[in-house]
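Okay, so chain A shows up in both of these, paired with chain B first and chain C after.
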Partner chain A sequence: MRLLLSLLALLALPAQAEEIWVTNEKDDTISVIDVPTLTVVRTIPTGERPRGITFSPDHSLAYICASDSDAVQVMDAETGEILHDLPSGEDPEQFALSPDGRLLFIANEDDAVTTVVDTATRQVVGQIDVGIEPEGMAVSPDGKVAIATSETTSMAHWIDVATFTPFANTLVDSRPRHAEFTADGSRLWVSSEIGGTITVFETAGQTEVGKVRFKIPGVNADLIQPVGFVFTPDGKTAFVALGPANHVAVVDTESLEVTDYILVGRRVWHLAFSADHSKLFTTNGVSGDVTVIDVAARAAIQSIKVGRFPWGAALRP
Partner chain B sequence: MRTASLWAMFMVACAVAPAPALEVPVLYLRQEVDRPPVLSNLDPVPENLGLAGAEVALKDAQTTGKFLGQTFRLDVVSVPPGDDFPAAAAAALATHRLVLIDAPAEAQLAVADLPGARDALLFNVSSGAARLRSGDCRANLLHTLPEDQARSDALMQVLQTRQWTELVMVVGPRPADQVFAAALETSAAKFGLRIAARKDWTFDTDLRDSTLEEIPRFTQDFPDHQVLLVADETDDFGRYLPDNAWLPRPVAGSDGMMPVAWAPVLESWGAVQLQNRFEDHANRPMRSQDYAAWVALRAIGEAATRTGSADPATLRAYLLGPAFELDGLKGRGLTFRGWNGQLRQPIPVVNARALIGMAPMPAFLHQRNEMDSLGLDEPESACTAFKE
Partner chain C sequence: MAEPARRTQGARAAFAAILTREMLRFWGQKGRLVAALVRPLVWLLVFAAGFRAALGLSITPPYKTYITYETYIVPGLLGMICLFNGMQSSLGLVYDREMGSMRLLLTSPQPRWWLLFGKLVAGALVSLVQCAAFLALAAVWGVRAPLAGYLLVLPALVLVSLMLGALGLLLSSVIRQLENFAGVMNFVIFPMFFLSSALYPLWKMAEASPVLARACALNPFTQGVELIRFALYAQLNPAALGWTLLAGAVFLGLALWGYDPARGQTAGKGPGG
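Here is the complex of A and B:
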């Protein structure tokens, strides 16, 4: 009877449920979390060492950086079937899709190169020399500027999308990991894992306007290592994953002050919002789980076990 | 050499917004040593131990430099055993002010005390001797290889974390073995472990023929223990102890569970990218001395990038100042200790196949920085040269 009921429940699900997709770096899988029930409903095999993940604008395709397969895989988001690989260059770690969904900017961590792939023709249309161990990638909301951050060189490289050439290289603190433009494109945020800061640039002049610094009572400063971060839709708040500090910081984007710290799982990497932005999902690499944060309450409400070393996270609404 | 500098010039020309051009020449100064014979031929010491790490760091620095109009150069002076090392060093110091020194402790001091070294910045990349960080420290000599005491402290933290506190120790006959054994004894006392017995290794037979017979009997009269320590710093006999002693106990120290500056088994914290770059360059796994040279040149590169200078005094002030923090790919930002010039760094304790623990271990706290629970802390160092 119970089985029948759950079968009925499954059948009653809408064709496309709201899901968070999590890449498991050391399991070569994606764990698909169903947002209404907060449970893992699917585990999908991928190439080796999946890290960065993003969806096409219509969410029909998932792009996955399979770092050790030296490929970006394109997956049918409905069936989980790998449709084809994109030529990615060596060791792709993170990427960013242009707002029109056409160009994929890929950081090739072992190669000091950013590769640009046309997702329609599946051709490499550009390769740009950047610093050692490029990782963070971002594209401005107007699609005109791409950013690559290089971990060992400690720079943000500003790339003109029209010509695929860097027009500025700005130093940040040690080991930059992630870059994001604000929704209006006026500012760029870059997190530095070892430096323990986020550097905020004003994009018009590529000038630094401030730094976000973190301090958690009882946690050694050198364990506070900002990595991934996301902005709320109103642009007023950022949530920042602090790595082995096992906390997510809540940052006021105007004052650049931290207003709260939320305890999550161990070595928190990246985050993704639910569609209504009421919940935030964090990937916790060492504890192998995902923490669900109630955004309004600024509190963790649940842990969900996923695969080994969860890394990237993306919403499929 | 010529193509390298042409390439560097080309890169500068290509830099988008070149700052004023800056050339940063670095010297790798090596005293070649005759290594004693060891029982096994399996793991010869690589000819380019240390140097290969500096070469990889040079490429890293050049890549960063090309965006800033900075060119880095690495020159090598290698002095054969028996030649006049201080004389060669004096000649090299006439052209180079930034020097990585790969030499025993006495030779490090001989270079640091040369008149030409007074305003140079030197990096000890090869000696773990405590005296260089204590009574015999020099203000112009920084250290990127961890001192012996930092390694023994790391091992004892891991053993204490496991609650394996009853130890016995086998010590080799060479001076370096005695020094490391003394460090292990000090660390055991520091962290509350007990070395119940110590035996000196005196055999001079070739164990490859008779390991099974000799080691069990040699270890038979030890009191019961949880871990068998071995001090064998030249990699002579230690490899024959694991799985071969009278009692079935783990081995730690120079073999088995080993505290090191770097090992091929490290993969987290971005280490795997460095392992790949190093393997591609040197066609062999990266070792502790390679790491010490890599991190020294990386520190020079970072300081030159941030200060826009190649002046030794400017770089030294930056490296010892509060703004310096280097990503050493071991999970924590690296800084230099202001009291003796030693690079603060985590010490991985590894076995042949995996990382066992990255010291400082979680339970070992420190009022300033947890990494200062490893090695000579400020009150323990007799160094005064850094107090200006």
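Here is the complex of A and C:
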């Protein structure tokens, strides 16, 4: 009976593949991992040094930061064909799409600016001066605030989306690389690669509420470099990639304490959940693979070889 | 009672007697279980902790992702338990011979191979109990395997124990005195354990010396450890299984030959041997 029901459920679902897309920095390609089978099913060529990757809200388009091509490429997610480039400014590394999918906020590492591009008209609609070497980008869930983090200035710049002007600058620890709002938008997390911490802000007053610190037995503190992180849908847990420490930390978002460390491949950059959030995929730059984590068990279950120096990851449900 | 039936019954009784004696001996020495567990636990908790971050640079089957050193050495430590048990039962046999209880055993009307096989099975059972206890402690420490692995590792452990027990049997047929047992430690246990994949993967050994890696691969203990390692992750390593079976058969054959009364192996020990 249960088998029959699950068969029916299978039939009822549209036959769509669930995939994780991974950008390979050195290979100039995207490796597409089929989630049910955990195998690479396609490799798609891109511009030079692809890093940040995200999908349009309907997942029909992929936006890819081709850093060394100085372009954000727009790809047809079905065919893998590059449709066009968006004007991006120089050396785009990471970006964030507004919740309505219209505005793309791009960090231009070499120019100390954030470029705002209208994805529909393909026009630059704003350039915002921020700190030196901007990298991390985030947009609040209500679409009203954008964040740029600058690696050298060690600040998070709070940008009013309506006017494209920064309205606050908050100091974080050395070399901030990634920023993310919690799902309810009440808090902002910023990871600092060299500082080895994550700074957590209350978004209402842009005030710091605490820091997440990491310590792995047997791993030198210098190697613990938090970069990418993701939140579980219930908002209670964060998974943080710790770069050359080769571990992903599991963090309680209330107490800001680390509850677990999971061993993954070498130099872990970014992470992406499967559609049901039961699996987490990490990009391991130096070992050239993606480690799959069983989210409930808090354990790595498999590593999948992809291209050279995988960096960004995004889910295509 | 018909003659064949009586013979079977006698054989069974002798087998049961050997098993019971070994088990009683095992339970009688409460310290032995503790000692048998302390050895691998020291390796797991102290030695492996020091090398925690040393491994995890390459993925080799049966592992599907990066593992800590602690995870890596657990199958090797299971092999170590079996190895020490095999040698210990060999020591027991030499002791039995010196004390005279072996004469009692070997004068039984049952065929000698049957008696020695009984000894082997008894030794394997003792290993199994110790391995199960060690796996439970390792799980508490955080080194866990898939559930199916815990079941499938049992036959692998029995097989490896029998193979190493047969080696012990062979040694006991050669060693005349308890005093010589230190030699076994030096020339059998240490080389077998360190020249194997128990503590380091063979690819790591090959980086240091291809010759050493070759020697490790030829070591039957390596094959036994790999058989256990794959079984613990619910996989079969046919090559390791084949080599373990072959080594076990050769050791047993040689041991039986060594204990063959026609060869008069025990003749030197006095009349009636």
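One rule holds for everything that comes next: the second predicted complex is superposed on the first by the 302 of 317 C-alpha atoms of A that agree within 3 Å, B and C clash if a C-alpha of one lies under 4 Å from a C-alpha of the other, contacts with A are read in each partner's own complex, and residues count from 1 in each chain.
The rule is simple: a residue touches a chain if its C-beta (ideal position, glycine included) is under 8 Å from a C-beta of that chain, and two chains touch if they have at least 3 such contacts.
Small disclaimer: the values here were computed from a predicted structure and weren't measured.
Superposition of the two structures on chain A leaves chain B and chain C fitting side by side, clash-free. Using the contact criterion defined above for the overlaid structures, shared-chain residue A:L256 touches neither chain B nor chain C, since it reaches no partner. Of the two partner chains placed by the overlay, only chain B lies in contact with A:R175; chain C stays clear of it.
Once the two complexes are laid over each other on the shared chain, residue contacts for A:I301 go to chain C alone; chain B is not touched. By the document's definition of touching, neither partner reaches A:V124: not chain B, not chain C. Contacts of A:T153 after superposition: chain B is touched, whereas chain C is not reached. Once chain A of one complex is fitted onto chain A of the other, the partner contacts of A:G265 are limited to chain C, with no touch recorded for chain B. Touch criterion met: A:G218 reaches chain C, while chain B stays clear of it.
Once the two complexes are laid over each other on the shared chain, residue contacts for A:L61 go to neither chain B nor chain C.
Minimum C-alpha separation, chain B to chain C, in the superposed model: 9 Å.
Across the complex, chain B is touched by residues 109-110, 112, 131-133, 151-155, 157, 165-169, 171, 173-175, 193-196, 220, 222-223, 244 of chain A.
In the complex of the two chains, the chain A residues touching chain C come out as 217-219, 246, 263-266, 287, 291-292, 300-303. Those residues of chain B that touch chain A in the shared complex are 16-17, 60, 63-64, 67-68, 270, 273, 276-277, 302, 305-306, 325-327, 331-333, 369-371. Interface residues of chain C, counted against chain A in their complex, comprise 49, 52-53, 56-57, 59, 64-68.
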